[in-house]
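Right, I'll just put the structure down here and ask away after.
A, B, C and D label the chains in the order they appear, each numbered from 1.
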Amino acid sequence: MKRQIPFVLVFIFGAFMVFQYFIPHESSEWVYEFLLDWIIIIGIFALALGIWSLLRVSLDKIKNKKENYIYSYLILFGLFGEIIFGFTAFNGNGESWGFYLPFVACALLAIIMIIHTIISTGKKTTFAALAGVFILLSVLISIFDNSWSFHFSSAEGVQNPMFRSFFDHILIPVLSTMFALLAFFIASAAYRAFRARNLLATLLLVAALIVMMRFNPWVAVIYGDYGAKLSNWLMNVPNLAAQRAIVIGIGLGIVATALKIILGIERGYMGKG
Amino acid sequence: MKKTAIIVTAVVMGLFILSWVLKANAVSATAESNYILRGFLVTIAAFLTLSVLSFLYKDNPFYKFAEHLFVGVSAAFWMCLGFWSTIVGNLIPRVSEGLSNTFKVPYIGGDWGNVLGLDIMNVVFVFPIIFGIMLIMRLSSNYGWISRWPLALIVGTTAGLNFVRYLQSDFIQQVSSTFVPLLGNNWTGFGDFFSNLSLDASGQLVLMLANWVIFIGVFCGLIYFFFSKEHTGAFGKASRVGIWILMITFGASFGYTVMGRISLLVGRITFLFKDWLEIIS
Amino acid sequence: MNNFLLISLSDIGVIISLIVIFGGLLWLFVRSIKAKEVDRRIIFIFIFVAVAAPILFPITFQESATEVVKGVYNKIENLPAGSRILISFDFDPAMAPEVQPMANAISAHALEKGHKIIFMSLWATGQALLSQTLETVIIPQFPEKEEFVDYVNIGYKAGNEGVLNVIVADFRQMFPTDVNSVPLDSMPIFYNLKSCKDLDMIVSIGGGKPGPKEWVLFVGDPGNIPMGVGVAAVVAPQLYPYYPKQVVGILGGVKGAAEYESELVKNYQKFEDMETPGLRMMGPQTLAHIVIMSFIIIGNVIFFRSRRKDGTK
Amino acid sequence: MKLKTVIFICLLLLATISVSAQEGAEIVPETDTTEQMPPPAPISLLTAVDTDNDNGHSVTLTWELSPDDRQGAKSVMSYEIFRWVPLMRDTVEQVRSELANTGQELEVGDPTGEIKEKRNRLRDEYEGLLSRYSDAYGQYPNNGVWKSVGVSPSGSTTFADKGSKEREAFDYLPDYCDFYYQVFAVTSDAGIRTGSEIFGPVHSYGQWFNTGRIPIFVAVLFFSFLTIYFVQRAKKGDDLYVRPLAGIEAVDDAIGRATEMGKPILYVLGLGTASDVATIASFTILGRVAKKVAEYQTALIVPTYDPIVMTVAQEVVKSAYIDAGRPDDFKEDTVHFVTQSQFAYVAAVNGTMLRELPATNIYMGKFFAESLLLAETGAVAGSIQIAGTDEIAQIPFFIVACDYTLIGEELYAASAYLGREPVLLGSLKAQDWAKAALVILGIAGLVAANLGWTDFTDLFHVIN
């Protein structure tokens, strides 16, 4: 029973999605549209699952003082800092910040202390007392400072300049620099792997060189337009053919797997390998 | 060993503070408010950029610092956006009038009428919440199995969508695109063909060649992907041609990609030079 | 595609950095004949210098547009004024240096031709970049264009392909309002515009998933709407199978952006002095490509020399 | 303050639009004119039918061109299409716009609940009106006017009067109502025009089958038949050959190598979700690898990106250990969640590679830009690397940086090949037959295209 119901569900929803494609009637469209909405909404709950796992892994490291556990505090700071920014808003015109940043600091420390109270084995009372102090401080600030406010009631938190600042000055630099590392790695991979060991490797190497040539101004001087034309031809003709062959293959593979899933032939994804 | 680490950390901290002060000073000159904060933010962005770049040398504490901070902030960022845009923006207006008022979003439930005193839209959109909660039940060891239901919903729906969609886009469409005239699009006879022979990209010969290469490439490529037949004889030869064409393509795409990766590095270095050091305009 | 180098001889910085790069490469080449492998960190340093030097001391190149790029350009050029174009920003800050110049150039071109633009994004992180384009390109360059009439920003919606599935049939179901909660029904630009099928053209700019490919599969192709795409170089080859049937043209990577910009600068007086980040980025590109190609050659020299050594032993 | 301004502007715009719409729309066309120029000849054979293959709410008109279409002095420049609408439509539209306005007012705030009450009242009224709509249309030609619904350029002989299916949209077009149409041939002087004969009544309604998609329907049936047929045959015990895949053969050797070296195996599932086909294929391969690993008692590390993928992978590995007869050796943290952020995930996996120095790295699933970051770091760590992905853009990087790579569809085939389960092999056989059919169709289509038989190539034309 426990095992069968999910496969029945898979069949029902899968078969519906196949049939609705052929049914233009609005009742079919209606169901189709809200099913898609459902999936988007369920996805958000999965995100909560992810955050929970992240927290659990970090707390586990801190609790057991595993290697590099000190860095797990950074995860906690980043996580809760950004959440606080995302749910509070700044009322002022950007001139006066009041005690907003001290509040954030107190709230963050309070959260960390609460977590410590929960996970620590000894010194529970010390952590609890510290947590109390920081909670009190942040409550006091939130009562007496009018330059900012909680915005549990509207999406203004996302417009909070600090929320955006964290995005602009922490997320973006790390993300785009990680990505930029690829410029270095692509060079070292080319150096290491592009060696004419056999026919296939040579084909790979020559094609790569031809395409990269179009950036070489001296090649353009010697061969005129033909270098660039050859590289475009490579990208447009053999590339198109190979892409199409792969796309058709992958398409068929996906279609076959989808069919197997709908019919309950493929069951590996439910955890029985 | 320990001593060097302390010295390096101290130097980096010193540089960080120096950059912060100088940057704040530079910002304050442009009469922007909160210059201390702005100076800090630009400095931390530069610091994180350099920290990640230091990974090229080897794994080190600065890299770990950037990485862990990044993990925390990104998780929270996605969560906040998902909450405001999907839960508040899409779900709440459809299920609860009270919550809609609290979150100041227009309540759109009730548009589909009532059945047995229940609002249809409310009922329909309560299901994803139930499924979402079932998904979270995964955390429970006793009721974890129930999380398979929403998984079944997601997998089943996507499978159904994929089934017809890929059949159309990647199969029927791609096949019909392969129906190309092998003699080129405006064939005017052999006499004309040989008298106007040129290597020009829009010339008849090149167009014809392109169509032939596409035709042979697609079919040899497909033959390479035959799994249930031994690749011997003519079949094996065709499959060889197939893998050659695949390799040429992979080499070409690799070479093509270099450009994009360099651009990303340009972006980062420009940031360092322009926004942080201000040595270029 | 006539690239030729326009180095002003007075530029000492350029000369020095070129000497450093090519001298270093020569030295490595000599070493390679003795079959000595190069440490990856040395390659990293070369790449860094090759990219950083042209940023400090600009080197410029000339560009002219190729057919695939012209496909997008001509489509925008030939649409009757007042056509409605949707431009979707499907990228994140990491990809932005590569594709945002295209987004800027295409938006500017479309507005200049008198088209109306609907901006949106399938990536949460794209929304900030979208506002950036509005604030730094559209508003300063086209002060006479009115929001809600000539362009509108309807922002980001979560749901990836799900969003596309919905808007191909009905816009308002996914986007009842624009980014500032102004209802679409109140905007002249959305008058009589129900779904994507009522658009005259869609331009998707991106490089990941969901991105241009999903737009083609889920919207452009089923809705039979002309699609132009601007993509990061890495995914450009993937879109070629859809050209020219399902997409009118492709801008691939920064080179595509540079070509589009050069076409704009050439044909429009208004754009003569505009910022051309795409063109500017070609200097580092060229040097870095040469460095990588040199390393491939060096690697092969090492390979053949060492094989010979092994053979003689 | 800012919000108020915006709303004010919006209301203003809305008002302008509705006013202009009313001005422009409901003109009873004047057919007789006192100009010297004679009116053009009317169009002929006007017919209107429900638009095919849609959800209703649309009527398609066809006609024969006016003889004066772009001809001569009284040249017809365009055709204006009119539909008869009952007078009640004004009331409907008024209630509708009031209803829409209350929606906007609600956004500003509704402290007393007054607006909400008004909205409910309006909605009841609106629904009541709509229920009488059909009757009102049925009263033709009494109590109604002709309303312009669109203009079609000269030379065109069809027009789709398409409305919205949303009941509260401004262009809602009800189904199953008697519609009457008239088409005017209009000259360059908008006043000089000639109306056609009136056509009606016609209904719009939704269809239950999209005939334009028959080719796909046939493909669905064909493919399902093939799959079921070969799966049945495989179940009966037919021996099905699968050609060896170098990448998969290498997996067993790599596990052996890791055992000899006493180093772990790193299995990366990629960034896919549990519904991605590549990830689903990867689960099957993971099951095989885990079983071998359990038999050899080697260590396995599976960092995951997606929480759902993590839980599934845990169960897959667990059952593999049970199958291998070593359930006690299974540890929960073999499979662990890292984070749901692409580059942070990569950073963590890269760290693992440099610290644990695994003998073998296996990358199977969906990979994006991180493919090369992972594979290069793995190469630095000196591991044997086997990769497989269906993400076409990333295949070149794996080919360059890894020792073995499964290209695209090979990844799906590998799961069948490794599993050796007859049903999976059967479906692989079906895939090959579909491919063969495709090659034959392709060649036939090519011949047809070259001989100019468009009838055949049109068979593959899918109407959307």
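We take it that a residue touches a chain if its C-beta (ideal position, glycine included) is under 8 Å from a C-beta of that chain, and two chains touch if they have at least 3 such contacts.
Remember, predicted model here, so these are calculated numbers, not experimental data.
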#### Entry: Innermost chain by mean C-alpha position
B
#### Entry: Top-ranked pair of chains - ranking by C-beta pairs in contact
A-B
### Task
Could you tell me the distance, in whole angstrom, between the mean C-alpha positions of chain B and chain C?
15
#### Entry: CA centroid of chain A to CA centroid of chain C, Å
22
### Summary
Residue ranges of chain D touching at least 2 other chains are 103-104, 107, 213, 216, 220, 223, 274-275, 277, 307-308, 311-312, 339-340, 343, 347, 369, 392-393, 395, 397, 399-400, 407-409, 413, 428, 431, 435, 438
### Task
Mind pulling the residue numbers of chain A that touch at least two other chains?
18, 21, 29, 36-37, 39-40, 43-44, 46-47, 49-50, 52, 54, 167-168, 171-172, 174-176, 178-179, 181-184, 186, 188, 190, 192, 194, 204-205, 208-209, 212, 215, 232, 235-236, 239-240, 243-244, 246-250, 252, 254-255, 257-259, 261, 269-271
### Task
Going through chain B residue by residue, note those that touch at least 2 other chains and give them in order.
55-56, 64, 67, 70-71, 74-75, 78, 81-82, 85-86, 89-90, 104, 135, 138, 151, 154-155, 158-159, 162-165, 167, 169, 171, 173-175, 177-178, 215, 218-219, 222, 225, 246-247, 249-254, 256-259, 261-262, 264-265, 267
### Task
Name, in rising order, each residue of chain A that touches chain D in their complex.
18, 21-29, 46-47, 49-50, 52-54, 57, 174-175, 178-179, 181-182, 185-186, 188-190, 192-194, 204, 243, 246-250, 252-261, 263, 265-266, 268-273
## Note on the structure
Counting only contacts in the complex, chain C reaches chain B at residues 41, 44, 47-48, 51-52, 55-56, 94-98, 124, 156-159, 207, 217-218, 221, 232-234, 236-237, 241, 245-246, 252-255, 281, 284-285, 288-289, 292
### Task
Sort out for me which residues of chain C touch chain D in the complex.
40, 94, 148, 170, 172-173, 180-183, 185-188, 191-192, 194, 208-209, 221-224, 234-235, 237-238
### Query
Which chain B residues qualify as touching chain D in the complex?
55, 58-59, 63-64, 67, 70-71, 74-75, 78, 101, 104-108, 110-111, 113, 135, 138, 144, 147, 151, 154-155, 158-159, 162-164, 167-168, 171-173, 175-176, 178-183, 215, 218-219, 222-223, 225-231, 246-247, 250-251, 253-254, 257
### Query
In their complex, what parts of chain B are in touch with chain A?
33-34, 37, 41-42, 44-46, 48-49, 52-53, 55-56, 64-91, 102-104, 124-125, 127-129, 131-133, 135-136, 138-139, 145, 148-167, 169-171, 174-175, 177-178, 201, 206, 209-210, 213-222, 224-225, 242-259, 261-262, 264-265, 267-268, 271
